[in-house]
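In what follows, chain A forms one complex with chain B and a second complex with chain C.
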Partner chain A sequence: MANVKVTINGKLIETDSTRTIIQAARENGISIPHFCWHEKLSTAGNCRICLVDVEKMPKLAIACMTNVAEGMVVNTKNERVVNAREAVMEFILINHPLDCPICDEAGECKLQDYAYKFSQGYSRFGDDKVHKNKRVEIGPRVMFDAERCISCSRCIRFCDEIAGVHQLQFVNRGDHTTIETFPGETLDNPYSMNVVDICPVGALTNKDFRFKSRVWEMSFTESICNGCARGCNIEIGVRNNGILRLTPRTNDDVNSNWMCDHGRLDTWKHVNAEDRITGPMVRKGGILVDVGWDEAMAKVAGELKLFNKNEIAFIGSAFASNEDNYVLARFAKEVLGSKHIDRMSHRIDGGDDALLIRADKTPNDTGAALVGIVPGEGGRDIEGIVQGIRDGHIKALYAIDDDIAQHPELEKVITKLEFFAVHASNANKSTRIADVVLASSTYAERSGTITNFQKRVQRLRPAVVTLERERALDGLTMSRLDKFAAPNDSWGKGPRRDSRASWRIVAAIGNIMGGKFKYMTAEDVFTDITHTVDAFKGLTYLKIGSKGALLQ
Partner chain B sequence: MEKYLEKSVPVRKKDLSFWQKLYIPAILQGMKITMTEFFKPSVTIEYPEVRTVMPDSFRGRPILVAENGTERCVACGLCARVCPALAIEVQAGETELGKERYPERFEINMVRCIFCGFCEEVCPEEAIIMSQEYELVFTSQKEALFGKDKLVKPIEEVRTRLDFLRKSR
Partner chain C sequence: MEKYILPEIPDYHTLPVYEQHGGYGALKKALTMKPEEIIDELKKSNLRGRGGACFPTGLKWSFMPKGTAIPKYLAVNGDESEPGTFKDRMIFELNPHQLIEGILIGCYAMGITAAYVYIRGEYGKWVTMLQKAVDDAYAKGYIGTGILGTEFSTHIYLHKGAGAYICGEESALMNSIEGGRGLPRIKPPFPAAFGLWGKPTTINNIETIANVPLILNKGWEWYSKIGAVKHPGPILVGISGHVTRPGVYEVPTGVLLTDLIDEYAGGMLDGKKLKALIPGGSSTMILRAEHVPGVTMDADSLKAAGSSVGTAGMIVMNEDTDLIRVITRIAKFYYHESCGQCTPCREGTGWLWKILKRFETGDASLADIDLLLDVANNIEGNTICALGDAAAWPVQSMIKRFREEFEKRVKPVQALAV
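Up next, the complex of A and B:
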């Protein structure tokens, strides 16, 4: 590794000799077009769109495979390069179908973008295009359209190098080249859907998102996957106030450019689901009845007052944010004086792998423990709480954002409780038993922070609006439709639920019972955390930013 | 002000002649035109009993062209994107047909539509075109949301417009 000086488009760049031209240029803000090259994959050098002119080289060189050398002078946009690029585009487009109107990639397609930027706008090719299979289920979650494939081999390299399974390969030759799975194989590795993101065209598409929306009609919000303790950085795609897809966001400290299929598909369907708890409910005569927030919270406060502090237990949640758990812990310990507080574990031993997936299937176990969801001195842990309910010492239970009735032991004794309040976003086992159900917002509807297994604090941002928020006023990302929807339009709408962030509910009940919670926003809660919990000292939402911050 | 007055030049028009001052010849001239027109055949169309046939270039309300019983539209959403009034909403779905994609829902808010014809111009399938229809009556905003039931028209009914579009391309 030696330091070298190269000139790219007249700009003098200092870099090291291990870099290729495309890398050196990219690191210095000069973009060179590319289809097959990907920063996280090996270099294939087969698309030829990255041709650049290097002085003293007789022919144009591909920037992705040519290493920089001392004194090299590179030009990425002179006439020779422009003509070569145009020619490459013309070759690629010869057999590319005019599918943009029915192709999900349209709007975020490299080929489409480059056709605008670098192509002459017409084709000299008059013959029939090669026809191939158009609706191939190449895997359980991925669709393949062979006509659209430009044979860049990114998907093959992803499977081989990142997912570590050899599932895809080129077959046939020349313009009949196509992608196939090995005999008896299908593209079903746990990371298979990343090929959809890296495919530069619409050849590989997300089966779940297929035809749901054009990308330019959606808003995208930076957030964090809630599928496990990794906390992959994601973008939430929303249209008409419903989530349509998740895509990974690059963060080299956490998830690189990838996310797992489970996270991509299974962690957000409940936000749009039919079984959402749409508002607070109180059980009257055996059935849950919709009531207003004031009534529900007064009911909880009134009931909790009836018990002595040793008879009340609290269960926080590793699915809830640091803020939610912190306020709950303060409420339990300061307002009610209870020491019985813990959370449920969702570890699946052996449920992890070497790439991203963690055995702990919750996003915030680390954070919940740090902000106080651990039994106080002499307090009961989760097993102790179960025991306490069984022998009648624990008579009231307050749980947030977790289906605690799933706990096999707790399930058996939970009906012995005299009072049971739960925060839930969707109907579940616990809400079927609870005396009061407080509608809490899902991770996609609230601000907050979660702490992953590396002790990295990352931010959740609201992508879907509830009744307590307004998209424009609360600074949520807006699609064009959100901006211009009028009351009489059928679009830009979608259901809005009367749910609230858990910390807000707990703080309000706490205040009824004489507590002093003066938080207006999740950020206020976080500021309080940074003052009282040492690990969080000195952090702010701004410092966490979009890439997160490590705790001490 | 002074400055402008300095520059202004008084112009005195010639006085009217005696005949012009009489006015009568001018009145007679006018009467002559009125009388000749009075006895010519009428050009007024007695709407709504009589209706004009609009030229093919006329832009009435947009409709969806159906061929062999299904709409041509592939739900690409380009019309919705280009529509300056944001009148169109398309929800795509998958179909067994060769086109793969079809509009599960297609709605034009006729209160928003300004009859600009951009949707027709942008459509890659000649699937949405401007019709001859201009009589739109609603009693509520809901009624003004035209779904596929009101939009889809068999190709036979709109041939002339399609021919016109081909010619004028």
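Up next, the complex of A and C:
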């Protein structure tokens, strides 16, 4: 590794000799088009769109595989380069089906973008195109359209190098080249859907998202996957106030450019689901009845007052945010004086893998513990709470954002409780038993932070609106349609649920019971956390930013 | 002239006969020399590769790292799939021991302990022949551990291809030997740095290697005086097409192409007139008959004539030849053989063929001639391996030298009714 000076398009750049032209250019704000090159994969050099002119080299050189050298002079836009690029674009397009109007990738397609930027705008190809299979189930979660494939080999390299399984390979030759799974194999590795993201065209599509929406009709909000303690950085794609897909967002400290298929598919369907709790409910005559927030919260406050502090237990949640758990812990310990507070574990032993997946299936166990969801001095933990309910010492239970009735021991005794209040976003075992169900917002409907297994605090941002939180507030991004659609258009429509962030519900009940919670926003709660919990000292939402911040 | 690559001696392919005529003497001599001395001898001999690019062999061998413990390899290229080329198989058949001896000398000179001979898949019969020779040489202690009582050991493995022309390209050949898909690699890194299994590797053509024992036996001076000064030695020329006696002829380089047709191949078939000639396998540029006189079979002369030696597979075409059919067939070959890895070749070779098909059927327009040229130009020089160039050159040269053939075949423009 030696420092070298190179000139790219007349700009003098200092870099080191390990860099290729494409890397050195990129690091200095000069972009060179590329299809097959990917920053996290080995270099294939096959697409040839990155051909650049290097002085003293007789032929154009591929920027992705040519290392910089002292005194090198590179031109990425002279006539020779422009002509070569147009030629490559023309070649790629001659056999391309040009089915953008029905292609999911349209709007976020490298080929489409480059066709605008670097091609002539017309075709000289008048012969018959090569036809290939347009609907191949290449894996349980991924569809393959062979005609759209530009043979860049990114998907093959992803499986070999990142997922660590050899599932894909090229077959046939020339313009009949296509990708296939090895005999007896299917593209089913736990990370298979990342190939959809890195495929520069619409050849590999997400079966779950296929044909659901044009991407420009969606809004994209930065968030964090709630599927496990890794907390992969994601973008939530939303249309008509419903989530349509998740895609990974690059964060080299957490998830690189990837996320697992489980996170991508199984962690958000509940947000759109039919079984959503759409507002607060109180059990009357054995049946849960919709009530207003005031009535529901007054009911909880009134009930809790009937018990002494040793008879009430609290269960926080590793699915809820730091803010939710912090306010709950303060409510329990400071307002009601209870020491009985803990959280459920959702760890699957041996569930860690070598890439991203963590055995702890919750996003915020680390954070919940740090902000106070641990039993106070002499207080009961989960097993103690179960025992307390069984033997009648615990009479009231307040739980947030976890289906605690799934716990086999707890399930057996839970009906012995005299009062049981639960926060839930969806109907579950616990809501079927609870006396009061408080409709809490999902991770995709609120602002907040969670702390992953590395002790990295990361931001959740609202991607879906609720009655409480209309659009444009606090980090909610808007699509073109959100911004410009007329009210009579159906685009901006979609259900608005009467749910609230858990911290807000707890704070309101706390205030009824004599607490002095003055938070207006999640950020206010967070600021409070930074003052009282050492690990969070000095942090702000701004500092956490989009890539997170490590706790001390 | 005496024959050195394909001597006319009965049963020369058997070990006893080969030995009777001094066979493996060059190996014995080599084993008394220092490796550098052998490479030096080769450099001075001016031997240039017979695989198509005429690259100086001694220089190539000198690129191999010296004094290292890491394994190094020799891959000998007998994929021989370029249309018009059928010379290496004569060596497998008639003089396999000279090839083996050359391999052993190469291994000794470059410190190599394993050599692979890659043989075209369709050459099943010749694989068997060469394997027999290898087995015999093993039995006599020429190959194996402690060769001829010295410290030097090396092994020779035969590897049969599976029918892909691209596997003759040296880096695809290495991937194929490794058990992978025959995809050319991007260079650099060059094989001498990163070859088979990532280790330093030299790739040479079969005929190139078969020349090596001659140089050791008779000395570089003798060798360098055979044929053309800058491209010396005996060369196998495969002559096909409209000649009386097609076949493989061993000649000194520098022989007149007209002599090759008239003296060696018995003249034009049925006394017809020569129309065009492809001198070195289908990828080399075509020559018009009137440009052939005076041109000789060596790198310089053919370069000056606007073509190249290639594999010295000479395709002779008479006055009745439909050159549009010829070029369409050649284009189809490269289209069929493109590995499909890089964009210009993958897409461009098929496009060339499709346009040419239209010339064949009379459905092309005048503008298609320029389109053809453009497509060929856009492939040339922009690909991972030289197959792209090999597909472009014949088309470019055919248009350059026989444009009228294309013009004759375009669809007549219909006059518009007024």
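In this text, the second predicted complex is superposed on the first by the 546 of 552 C-alpha atoms of A that agree within 3 Å, B and C clash if a C-alpha of one lies under 4 Å from a C-alpha of the other, contacts with A are read in each partner's own complex, and residues count from 1 in each chain.
Convention: contacts are C-beta pairs under 8 Å (C-beta built on N, C-alpha and C of every residue); 3 or more make two chains touch, one makes a residue touch a chain.
Everything numeric in this text was worked out from a predicted model, so none of it was measured.
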{"item": "Chain B or chain C, by number of chain A residues touched", "value": "C"}
{"item": "Chain B versus chain C as contact partner of A:Gly286, first or second or both or neither", "value": "neither"}
{"item": "Which of chain B and chain C A:Arg135 touches, first, second, both or neither", "value": "first"}
{"item": "Which of chain B and chain C A:Pro408 touches, first, second, both or neither", "value": "neither"}
{"item": "Interfacial residue positions of chain A with respect to chain B in the complex", "value": "100-102, 106, 134-135, 210-214, 216-217, 480-481, 484, 488-491"}
{"item": "List of chain C residues in touch with chain A within their complex", "value": "164, 166, 181, 183, 186, 335-344, 346-351, 354-355, 358, 371, 374, 378, 381-384"}
{"item": "Complex contacts: residues of chain A adjacent to chain C", "value": "43, 45-49, 51, 59-60, 62, 65, 84, 87-88, 90-92, 94-95, 124-125, 127-128, 130, 150-151, 169-170, 172-177"}
{"item": "Touching residues on chain B, where the partner in the complex is chain A", "value": "74-78, 80-81, 86, 89, 92-94, 99-101, 107, 109, 111-112, 124-125, 141-142, 145"}
